[in-house]
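Dropping a structure here in structure tokens format, bear with me for questions.
Just so it is clear, A, B, C, D and E label the chains in written order, and each chain counts residues from 1 on its own.
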Amino acid sequence: MTQILLETDALTVRFGGHVAVDAVTCKFPAGELTAIVGPNGAGKTTYFNLISGQIAATAGTVTLKGQDITRLGVAERCRRGLGRAFQLTNLFPDLSVLENLRLVIQSRKHNGFGLFSMADSHTELTAEASEILERVRLDTQKDQLVTELSHGDQRKLEVAMLIGLDPLVYMFDEPTAGMSVDEAPVILDLIAEIKADTSKTVLLVEHKLDVIRTLADRIIVLHNGALAADGPPAEVMASAVVQEAYMGKELDHV
Amino acid sequence: MTAAPDHRPTFADVSLGERLDKAMPFLLIPILVVLGFFAIGAPSSWLTLTVSGLAMGMMIFIMASGLTLVFGLMDVINFGHGAFVSVGAFVGVSVLIALGDWTGATSLLLNMSAVFLAVVAAMTVTGALGWVFERVIVKPVYGAHLKQILVTVGGLIVIEQLIHVIWGPDEIFINRPEMLKGAITFAGAAMEKYRLLAVGIGAVLFIAMRMILRRTKIGLIVRAGVENGPMVEALGYRLRVVFVGVFIAGSALAGLGGVMWGLYQEVITAGMGERMMVLVFIVAIIGGLGSVEGAFIGALLVGLLQNYVAFLEPKLALVSNIALMTAILMWRPQGMLPVVKAK
Amino acid sequence: MIVRLISGDTPRSPILTALLLLILICLAGAPFLFEGVRALDTAARICIFILLVAGYDLLLGYTGIVSFAHTMFFGMGAYGVALASTHMGRGFDALLVGTVLGALAAIVLALLIGLFSLRVRAIFFAMITLAVASAVAVLVSQFSDITGGEDGLTYKIPRVLTSANRMGEVMGVKFTGKILNYYLIFFSSLALFLLLLRIVNSPFGRVLQAIRENDFRAEAIGYRVVWYRTAATCLSAATAALAGSLFAIWLRYVGPDTTLSFEIMLDILLMVVIGGMGTMYGAVLGAVLFVLAQTYLQNLMGAASHATEGLPLIPELVDPDRWLMWLGILFILSVYFFPTGIVGRLRRQRTT
Amino acid sequence: MSDPILTLKDVYTDIAQYHILQGVDFEVPRGEVTMLLGRNGVGKTTTLKTIMGQWTAKSGEILYNGQDLKRMPVSARARAGIGFVPEDMGIFSDLTVEENMVLGASSGPLDPKRKEWLLGAFPALGTFWNSEAGNLSGGQKQMLSIARAMAEDRELYLIDEPTKGLAPAIIATMANALRDLKAQGRSILLVEQNFSVAKALGDSAVVMDDGRVIWTGAMAELASNKDLQESLMGLSMEAH
Amino acid sequence: RIAHVYGKTGPFEAYAAQSHNGLKLGLEYATDGTMEINGEKIVIIEKDTQLKPDIGRAQLEEAYGDDDAHIAVGPVSSGVALAMLPVAEEYERVLIVEPAVADSITGANWNPYIFRTGRNSSQDAIANAVALGGENVAVATLAQDYAFGRDGVAAFKEALEGTGATLAHEEYVPTDTTDFTAAAERIFNAMSEVEGEKKLFIIWAGGGNPMSKINAMEPSRFGVEIATGGNILAALKAYKELPGMEGATYYYYEIPQNPVNDWLVKTHFERFDSPPDFFTAGGMASGIAIVEAIKKAGGAEDTEALVAAMKGLTWETPKGTMMFRPEDHQAMQTMYHFRTEIQDGKDYGVPVLVREIGMDEMEIPVRNQ
């Protein structure tokens, strides 16, 4: 059997009385892409936040490669191989595109406390960053500040930063939202590439059903914070619960 | 139209502890007063200290109220507030000196009219000054704390120096109106009459501010404007007008605070407002930014604690405010009743 | 070689380069280029403030932390030297011990403040440091047995460094110990400044900038933000303490007003902002400009008030006694006209 | 048919030293839904912001009900009847959902009928009526932004990518809400990447590239012509 | 050449102006209006310390070094003064300290080039002790909690012992205290247990005005009377609420009866249309001292001669005869025991002389060893 990279056990969080994630137990093996779907406010992003440590769990555990990481801070989890991109763009606005990416790679190389070397002398960082920018087609904008990018380009940089981090667990939160039809495939191809690497696992939150259909090996459905379905795409998509709660009637038939 | 599918989230019960935690800020004052009673022992001393501590708190609140608007709501760190306090005091005291016959008379009515006129004059002048200050000094630096600190300190220095130019470099001594001198003794406790007046004004001010901020959209517009000004304008509000208005109000309140504080101290100097700034900032912070209730509770806490500690262990009085602030921020990192989240 | 010395951080503007060179030459040759105690004193003060301000910029401009406790660390360095010189007697060993202990104490305190309160929001941190700094200032005046209270401490430094030590003439100028003392300060400041320049251009410096921009995201890509912030605070505190030690060596006096007061804190802030936040060179320009203004504004105004005698009101306003008011106006105008600081301005001019 | 509610004539907009809009020309007919389409970074958002006044047009005319908007401040444009849903949603995250909605109704208190209508379309907002808007999920924020713009009756709505991050079921109800608006005679200028929404809602379409309008016409025509789509946007929109 | 190095700008601006006027009047008086000594013109150089010790020090260096001043006078603040002392030693020039009061100026930090015409805090405290003390008197003190306050109380306490009075309670509060309720309560509680004539002596510098606040709490309920030292004219306003209050003062223009003071009051009214104040008198005393010293030494060039001449110098001032005592160069002088009265036409409490406390009545310790 393939190795289980990430595992959540009865993971729960409450905000006041509101149970946003409700005892979610799930395993994510290497080499698999899991799509997480569910209505707005179902708890998908919150589930990500719990895994990557942005918010503390009320109960339950998160396990990475067999180690309990529930009590660790965000940075520590990241260093152990949890990487995520954000649903709402979240970058370093007044630094250049290239610098944004270099910071990510520098962090992976554990080079943050180098006090007395010159940053610009680390050419290997620059080279790697440029290469990734080329892959997401941002190389022409690499000296612009992030504030000067259009929304769609910022989304691309968001994805590029996750790739730069090269983690074991990739978490994408609606990577293609706001991306135009000709750009989205570039990103989706990249995700497909990552998925092909059998030592990684990918978690993908997405509302576009066609994207899920083409990429996902497995779908889990969150509803009101709880795990409502888990299985291969075709099966889950066909289930009545999902149809009812999530997709409503397809637009074209309205 | 079709209704969207409804997804009711799961709700669990909120425990008693969490509820108590919510109400805690309001309980702090009674708790402190009771603790004070046991620590002090002598009932008459306790009574004196408690009442005068509350009154001192009210005066601090009057000075801090304007800052709660400007710093708490508008997110402008305005060190110029201290200068407005001073200007208020100088204008008010000048009026009182000019009305020497009224203040010297043993008629409560005449005395209070003089004080009233002094307050009106002070608030008008500081309000107008606030208007100029906003236009010339603060407008270009909204959203930039550091620059705010610098320009408003610049403004502070300039205004203080102008006070020197206009009123001369000497400190001015002023006696309180006849009927506000002295104290009332009750059950062995002495209570300055003037402090009673401060309590009255503070209470009225508190209620008025609360009403205005609750009943109108002004508070909302300012808070939203600080976070995302262009969006507020895109919804159709003239943000500039609201900001200027609130700033003027804050400055005028500083003027009121100045008159009250000047009359309490009975001696005014150009630097008097500046000296109060740290304390006033502490009050605004522990109360929680933008919260009139918080500033009110905070001011009373500061007043009480200062008195109790000064009585029990004078050496510690010095650090009591800082200790209070640190303790409250450790307990509630955003202050007691934050309306605006600190950045 | 020079590029390496300044860590690849070139001024990126011809005017700026010229200005910086001019300043360097003036400071390096101060004892020989200018006459009088006042000029030398001003030059020494400029060196010390450049260092102090550059250290503060590391915190403020690069990491985005607003702290009002910088003078406190400055004071710790100064008092370190003062206390050591008082208790150990005059001597270089006292200066050394005082400097080292002062810097260590500053680092420890910075560590405590950092770990304790960098978790609260930025403005609150600023206010906490403000409160702590004012408390320390009060404590210093309280414990007058140790610190000399309000009156401060006066002490002696090694004779070699005072004007009593005459070492002959160089280029027509009496080369005294005082000039030696000046060079001690000049070269220490220069070396430390270059070190700071290296730090802000290191990978560490980049992380600080990232934290300034978006600490939440910095944490999410694996940087432990609190540690970086604390490290920056400690570095900055240590620099301030060293600057304080130099100041104490130069002045042979320390007191709360010269090292701990809030006014100095504001001066530092203004220097950073006038010069340009987030650029080490800004610290240089800001410090030079401000110290010069502080020293010579009054003379200038004296002249102005003389010239306008007879006019109504104006002489009153430009009276030398009103120099503080003009300082206030300077505060306001400089923020107006140099929103990105002088350095920002000079650099932008080139690109457009 | 009556005159268009909004007309852009040869509009140029600069952001800092960049020339972003370079002669934008199109009309928004009264009572219709006009789609503004194009790839990432071509200037759609900039166009909306220029209409709203958040960027200033360097030259050209923006006529709203026959009146040139160019000298009007942003708030006056809003009071003249333009509602705006920005790309980044512009949520006031420190305020509660209710407070956001109250601010949405800028000329008076929030009308209870309208509130009911909006809560019917976006029930999640009702559930979180008193919680801080900053804590909402991405999609809930999007709903709030749309609902807030509609909290008051306006003549023209500028809406920037409303469906991003919304679950399919919510997209359907949102589309219905927009249809209701249209039925009330309101006009809408809509930027959208989701082609099926564009097809279902749009009456006419404006396609931009590189700061210019490269095609205008009926939405139906664009939707049915794959070659046209490919030549305008480099890709058939139903490809994935 | 004389340099006046003082805090022209900053919080003590008002005092500085008085001091400067006084100095000039003193020079004028002592040279009969010629402003010349032995035919040489007096040049006054003004330097602003901005109340900062480091700047004061630099200004003094500049005065001695660049401007070649022979004698310097100043400053207002003790902190600045202490920073300036070593400069005088280094340049071997005379510095007359006026009006800074810290004991240590002529105490621990003294050097042979330092003279002081102003009073020191012990003089103040001892004079007050002499004025207030007596058999069966119990005194409580209220002072600011820093060196000035504590030293003052210590000196006061020492002097009080000689008078038969007892010190019942010492209360110290932070310098910036504005609310005195707690301190007053503590004092009242302590004093309610002691017998005899009860007095509360307040040593206070700067704003805050504890007197009227404590008075408002009706100390008479406990039989306590408030007492304090003299103050500048503006501050006497606060004394108006306390008629009958006693204490010892340094100067009030109607108290001293001597030709120098008569001239000063008259000239001051003519020139400035106001009575001379504390620091005017002090400034004048230093001005006269300079002229007398230079005359006696036969010139200002030779510092050693000047110092020798000044040791033990006695001269006439608005406050009567003063003398630099040889040990620590502190000017010995008369102080005045006063009682406050309300007088028509004056909006302040007027200190009326009870008796003069001559310099031999006060044992001012020498502390420069």
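Throughout what follows, a residue touches a chain if its C-beta (ideal position, glycine included) is under 8 Å from a C-beta of that chain, and two chains touch if they have at least 3 such contacts.
Source: prediction; values computed, not measured.
Visitor: From chain A, count the fewest steps through touching chains until chain C is reached.
Guide: So the least number of steps between the two chains is 1.
Visitor: Relative to chain B, which chain's C-alpha centre is the most remote?
Guide: A
Visitor: So what's the Cα centroid distance for chain C and chain E, whole Å?
Guide: 36
Visitor: Please tell me the distance, in whole Å, between the geometric centres of chain B and chain D computed from their C-alpha atoms.
Guide: Going by mean C-alpha positions, chain B sits 44 Å from chain D.
Visitor: Taking each chain's centre as the mean position of its Cα atoms, how many Å separate chain C from chain D?
Guide: Between these chains, centre-to-centre, one finds 52 Å.
Visitor: Where the CA atoms of chain A average out and where those of chain E average out, how many Å apart are those spots?
Guide: Between these chains, centre-to-centre, one finds 75 Å.
Visitor: Please list all residues of chain A that touch 2 or more other chains.
Guide: 39, 41-42, 245, 248
Visitor: For chain E, which residues are shared contacts with two or more other chains?
Guide: As it turns out, chain E has residues touching two or more other chains at 13, 145, 174.
Visitor: If a residue has to touch 2 or more other chains to count, which residues of chain B qualify?
Guide: Within chain B, the residues that touch at least two other chains are 4-5, 7-9, 164, 318, 341.
Visitor: Provide the residue numbers of chain A that touch chain D in the complex, in ascending order.
Guide: Chain A residues touching chain D: 15, 38-46, 87-88, 148-153, 156, 173-174, 177-185, 188, 207, 209-211, 214, 245-252, 254.
Visitor: Can you tell me which positions in chain C touch chain A when the two form their complex?
Guide: My answer: residues 4, 7-8, 198-199, 201-207, 209-210, 213-214, 216-225, 228, 231.
Visitor: Within their complex, state which residues of chain C touch chain E.
Guide: Of all residues in chain C, those touching chain E are 36-38, 41, 138, 141-142, 144, 148-152, 154, 162-164, 251-253, 255-258, 298, 320-324.
Visitor: Could you list, by residue number, the parts of chain A that touch chain C in their complex?
Guide: 52, 54, 73-76, 78-79, 84, 86, 90-95, 99, 102-104, 106-108, 111-122, 161, 165
Visitor: List the residues on chain B that touch chain E in their complex, please.
Guide: Spelled out, the residues of chain B in touch with chain E are 42, 45, 48-49, 52-53, 56, 164, 168-175, 181-183, 185, 190, 192, 194, 264-267, 269, 271-272, 275, 303, 306-311, 314-315, 317-318.
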